[in-house]
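In what comes next, subunit A is part of two complexes: it sits with subunit B in the first one and with subunit C in the second one.
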Partner chain A sequence: MQLAAVVLVDGLVYASYLFMVGVGLTVIFGVQRVLNVTHGAFFAFGAYMSATLIGLWYGADLPAFGGFLMILAAAVIVGVVLGVIIERGLLKFLYDRDEHIVVLATFAAFLVLEDVILLVWGHDPYYAFQPMQLLGSTRIAGLAFDNFNLSMIGISAALATGLWYALRRTTWGKMLRAVIFDREISRAMGINVTAVFLGTFIIGSMLAALGGAYLAPTISVQPGIGVEVIVLAFAVVVIGGMGSIPGALIGAIVVGISRAAAIHMLPQIELFVIYGIMAAVLIWRPEGLFAPVTARKI
Partner chain B sequence: MNASRNRISTQVVGALAALSLLAGAGGALAKDEVVMAVPTFLTGAGGAAFGIPGKNAVEIVVEAINAGTLPAPYNTKGFAGARVKAMIYDESGGNTKQVTEMRTRVQQDKVDLFAGFISSGTCSAVAPVAEELKVLTLLTVCGTPRVFEELDKDPKYVFRTLNTATASNVSLAHYVAQKMSKKNGYTGINQNYAWGQDSWRDFDLAMKVLAPHIKNTSTPQFPKLFSGQYGTEISALLRSPEEIVHASVWAGDLEALVLQGGARGLFQKKTFLFTVGDSGVYRLADKFPKGSLIGARGPYGIYAAPHLDGSPLNVWFQKTYRERFKEQPTQSAYQYAQGVLAAKYAYDKAMKANGGKFPSTDQVIAALKRAEFPTLSGTVKMAIGKGHQAITDDIWGGFIWDAKLNEPTVSDVIRFKAECVNPPDDVDSVEWIKGGMKGAKCS
Partner chain C sequence: MTRLIDRTVIGLTAAAVLFGLLALLLPDWVRFIATQSFARGAVALGLLVLWRTGLVSFGHALFFAIGAYAAAFVQRALVNDAFVMTLAGMLGGGLMAFALGFLLCRYRGIFFALLNMAFSMVLWGLLAKNEALGSTDGMGVASPEFFGVELDGGATHLALFYFALSSALVFAIGVHLYLRSTLGSMSTAVRENEIRLEYLGYSAARAVHVKYVISGVLGGFGGALMAMVVGQVDPDSMAYWTISGEFVFIAILGGTGNVGATFIGALAFEAIRSAAFQWAPTVWQLIMGGTLLAIIMFLPNGLWSMVARLRERRAS
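On to the complex of A and B.
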């Protein structure tokens, strides 16, 4: 019983992490059909910006809980600045090109952004552990869990609910779904598709940056952290179905809990779990678990 | 006229042929410059902890070698009098890329030697290629014993100038047997690749020989390299009954484990044995778990702090490094410097043996094989791996925060002799440990 509870908590925490790093990717793909490899760089920029702002905040001896505002500020700054630069400076020229060209272009941009990180922040690692220390820990099933990591479950749930509500219950969401269905007809109906694309890309970028910004207090922020994330994000998005937010959520939960069970009961297969699930899904349902139905134009 | 022209042409061709023969013999002509390729992590997760300290050390040591300002016995200019040009490049990108890089550096850039490589996976990949390309290669940091035990069993061009991981883990088992004999069992958390797997295997085997009463009962953890998230592994460790945790994790993984484990009280319940803890201890400073054991794969880094090792070479290195880079030199800085000093020692010794003339590569190799030379902290003996694998003393101690120095230091330090923690020549490390470490000279 204790093991089941621990696996559930560990699994949900890891699933929250996966959802946070994957949801931005799936939002952008769902609307713009862009497989955005720069996602990993947005995550890394978010982490660096968060560590920098948190460092400045606590260095100035400001109220302790303000550190959490710095996490949010980092995600917004990085999402807006990089989102605008990449969408207006690169992607707008590529929307009519083959998807492979877009992948290669965003991969090139990812490499450039990785070097920009080295230019701006150098090779030294950054730490921003204060917010994690501030929240303390909670005992669950006899083990101490830090509240900062537990809070990721709430953040991810809020993100999933917020995105679902925005897509299904708001005018913006209706416009977005119209653009997803058919760009040309949407444009003919008076929807500013260019603005929708830019807005969506900024939101997707902010979500990627939020993943990095929120994780920064738990890791050593240093060059290369975006590489691992992009692989994980792709795996989760492929399992759930490219472009599906519920798919990303369910995919993250399936992987998170399976991985936690493996680590507790059979650690040797931990490395295999995520890719094993991905392979099984691709064999059984190549479009992913929850890929939206797409109409084929004739 | 024609006969005369033909004779001159024949003489020119003959002279050129003679020159190319000499060059082919290993460049035994007078030489102004030795080009030394230095692969190290300049980007990626291994950069901050290992790559950049290594690069920094090479820069200051090469500068001093070219200026002739290193303390004795390295106080002559250059390698065998030739200026040293360090061609530092990025080791990131995986083994295939590194093999291609090595071929490019040899065939296009005409480098004379390599001194570097951090990743055990990369060392395993490039060692056979270095033999094929006939280029002198000094491996400076990587630890897997498989290089000379499985992949390059009869080496000529490849050397490693520091201990293998076996020495670190055997000395650690000695330390645990001597100082922690009442602890209730051990488990491990090691990255899932050659370094992590070899480290755990050697430690586990050594514990079975040296402290058989301390048992491992739960399955050790092998998280993915650079995964960065350890929440579940920390839960598994907290649930395990063992008190000791063996951890060879490094770079961002080491730091993330310390930060995440600290927030969950992991280090109050378990004593961690960080086999390369030195690589992160200065950056984590007082966040590093008190009482954890710190390894540096030899007498480097924290074990070579100025107040612990006052030799002129070490004092020069500490002073120069700290002044230039405003930080303490960690183990990787020492290990890279050790590789460069090994090259200088070999070139200079080979030149003497060659009557003062610049030596050929074969002569440099002969000079380094089975050599014994002083380095920044201690002595290196090229004693095993048919004279191509170094052995050095190894040291272990517990972490404490020295508020007076405002930097980390160590207590309860034990130094183990090189011959105590390394297998004899031509003996496979696993077989040696399993066989009860016969031939170890520990007294």
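On to the complex of A and C.
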């Protein structure tokens, strides 16, 4: 019973940060048809930026709860700056190219950004534990869980609801769905597709950076975190169905819980259980568990 | 019946002989890098076979790693011989591709790429947690013998270089002839219009399956050769997704227009990487990524398009 509770809570915490990263990837794929490998670098940038800003904030002895503002600021700064650079500076030229070439181009940009991180922040790990300390911990099933981690679940739930609302209930969402459905007709109907692409990419990048920024206080921020997270995000997105927001949520929960269960019960399979599920989903339902219904164009 | 020997076959053979003679004058480390290039080039050649069908795999490190581990395992358990180890690697890669091919031959586009990646990451997870296979540290591979002849360090490297060069030549010509055959020329047909191909009475799935096995064998060869050259197999530098990315990188760098181009791409890749490691170790990824971006933007058909352009100029 205690084990089940631990797996559930750990799994949901893990799932919530995977959701932040995965949902950005899925939105970008849904709208632009780009499988964006640089997403992993945005995540890493978010984490480093957040660690730096939090360090500065507490170094200047400012009010303690402002640390959370710094997390948000890091996500916005990284999302806007890198989002604009990559979309306007790179992807813009590649929309009419083969989809594999685009993936490879983002892989190249990812390699470049990985080294930019090293150039800016160096090889030493960064710590930004203050916001985590601030929130204390709660006992669940006899074990202490950090409230900071638990708050991540709330943030992700809010994000999921907000995105769902924006996409289904606002004009902007309607435009986005139109672009997803048919790029050319939307353009003919007067939708500024270029602006929609840029806007989507910035929001997607912000979400990736937010995942990193929010995770930063709980880990030691060091080189290599982006490489790992991007394949996990791929798994999340594939499991849920590429381009589907509810899919990203389900995918994140599946990956989060199964990873937590593997860690606690069968550590030998921890590393590959996620990719095993990913392969199984691709075999059984290649469009993903919750793929949006697509019109077949002939 | 087309002629068996055409311009490409002659060109490849001449290039290989020339490079083989030239290599005698070059220092040992150049040959060492070249041997590694041939290992990676072989995997990229397998990707080219798939590419012609419009399929890209983001998980060919799977076969690379299987080849490498098979070679290492055979050396420990059976016999320490370069040829046997290589055959084991090719067999391992081929069998795995044959088995997975039944599934993968139904997939196209991004799903094909991602399912390959999922399988390669499963293997990575298995290898990294398997203590019998050395977990993340992997295993050492001793200098291989050639037909029972034990050579010293330098001679082993020289022998491996010529072994790699001649194998690369054989594979390049083999793939070239395959692509010219009826089965091979179905590649373009699958890419352009699969339904029409089926109506003509061919099976697209079977054509893809054959290609997949070829690419698996080549991947296994590359892995086995790499294991013998560097004397080490481990999951992070053999099975991780970034390694798969590098293979696609090489295929693009060389260009997919000619079988020789993949080896040019592989040599360029290793040369750039070694130079970057040597003179700018802090930004080598930046240099690699920048090169790749430049190729995608300005030379969409890879380095080979420069050769093709020269030829055109001479023709006109």
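Please note the rule applied: the second predicted complex is superposed on the first by the 298 of 298 C-alpha atoms of A that agree within 3 Å, B and C clash if a C-alpha of one lies under 4 Å from a C-alpha of the other, contacts with A are read in each partner's own complex, and residues count from 1 in each chain.
As a convention for this text, contacts are C-beta pairs under 8 Å (C-beta built on N, C-alpha and C of every residue); 3 or more make two chains touch, one makes a residue touch a chain.
Quantities reported herein were computed from a predicted structural model and do not represent experimental measurements.
Enquirer: If subunit A is used to align the two complexes, do subunit B and subunit C fit next to each other or clash?
Expert: Partners clash after overlay.
Enquirer: Going by the contact rule set out at the top, does A:E114 touch subunit B (first), subunit C (second), both, or neither?
Expert: Both partners, subunit B and subunit C.
Enquirer: Using the superposition on chain A described above, determine whether A:Q268 touches subunit B (first), subunit C (second), both, or neither.
Expert: both
Enquirer: For A:A235 in the superposed arrangement: first (subunit B), second (subunit C), both or neither?
Expert: second
Enquirer: Figure out whether A:D146 sits in contact with subunit B (first) or subunit C (second), or with both, or with neither.
Expert: first
Enquirer: Is A:V227 touching the first partner subunit B, the second partner subunit C, both, or neither of them?
Expert: In the superposed model, A:V227 contacts both subunit B and subunit C.
Enquirer: For A:D182 in the superposed arrangement: first (subunit B), second (subunit C), both or neither?
Expert: A:D182 contacts neither subunit B nor subunit C.
Enquirer: Would you check which partner chain A:V13 touches, where first means subunit B only, second means subunit C only, and both and neither mean what they say?
Expert: first
Enquirer: Following superposition on the C-alpha atoms of chain A, which segment of subunit B from the set 3-11, 21-29, 57-65 or 93-101 overlaps subunit C?
Expert: Stretch flagged for C-alpha clashes with subunit C: 93-101.
Enquirer: Can you pull the subunit A residues that subunit B and subunit C both touch?
Expert: Residues common to the subunit A contacts of subunit C and of subunit B are 114, 118, 227, 267-268, 270-271, listed in rising order.
Enquirer: Using the touch definition from the top, list the residues of subunit A that touch subunit B in their complex.
Expert: Touch list, subunit A to subunit B: 2-3, 6, 9-11, 13-14, 17, 114, 118, 123-125, 127, 129, 132-133, 137, 143-146, 148-149, 215, 217-220, 222-225, 227-228, 259-260, 263-264, 266-268, 270-271.
Enquirer: List the residues on subunit B that touch subunit A in their complex, please.
Expert: For subunit B paired with subunit A, touching residues are 42-49, 51-52, 92, 192, 219-224, 226-229, 231-233, 235-236, 238-239, 251-252, 255-256, 259-260, 263-265, 283, 287.
Enquirer: Provide the residue numbers of subunit A that touch subunit C in the complex, in ascending order.
Expert: 35, 90, 93-94, 97, 99-101, 103-105, 107-116, 118-119, 227, 231, 234-235, 238, 242, 267-273, 275-276, 278-279, 282-283, 286
Enquirer: Could you pull out which subunit C residues touch subunit A in their complex?
Expert: Result: residues 56, 58, 103, 107, 109-111, 113-115, 117-119, 121-126, 128-129, 241-242, 245, 248-249, 252, 282-286, 288-290, 292-293, 296-297, 300 of subunit C touch subunit A.
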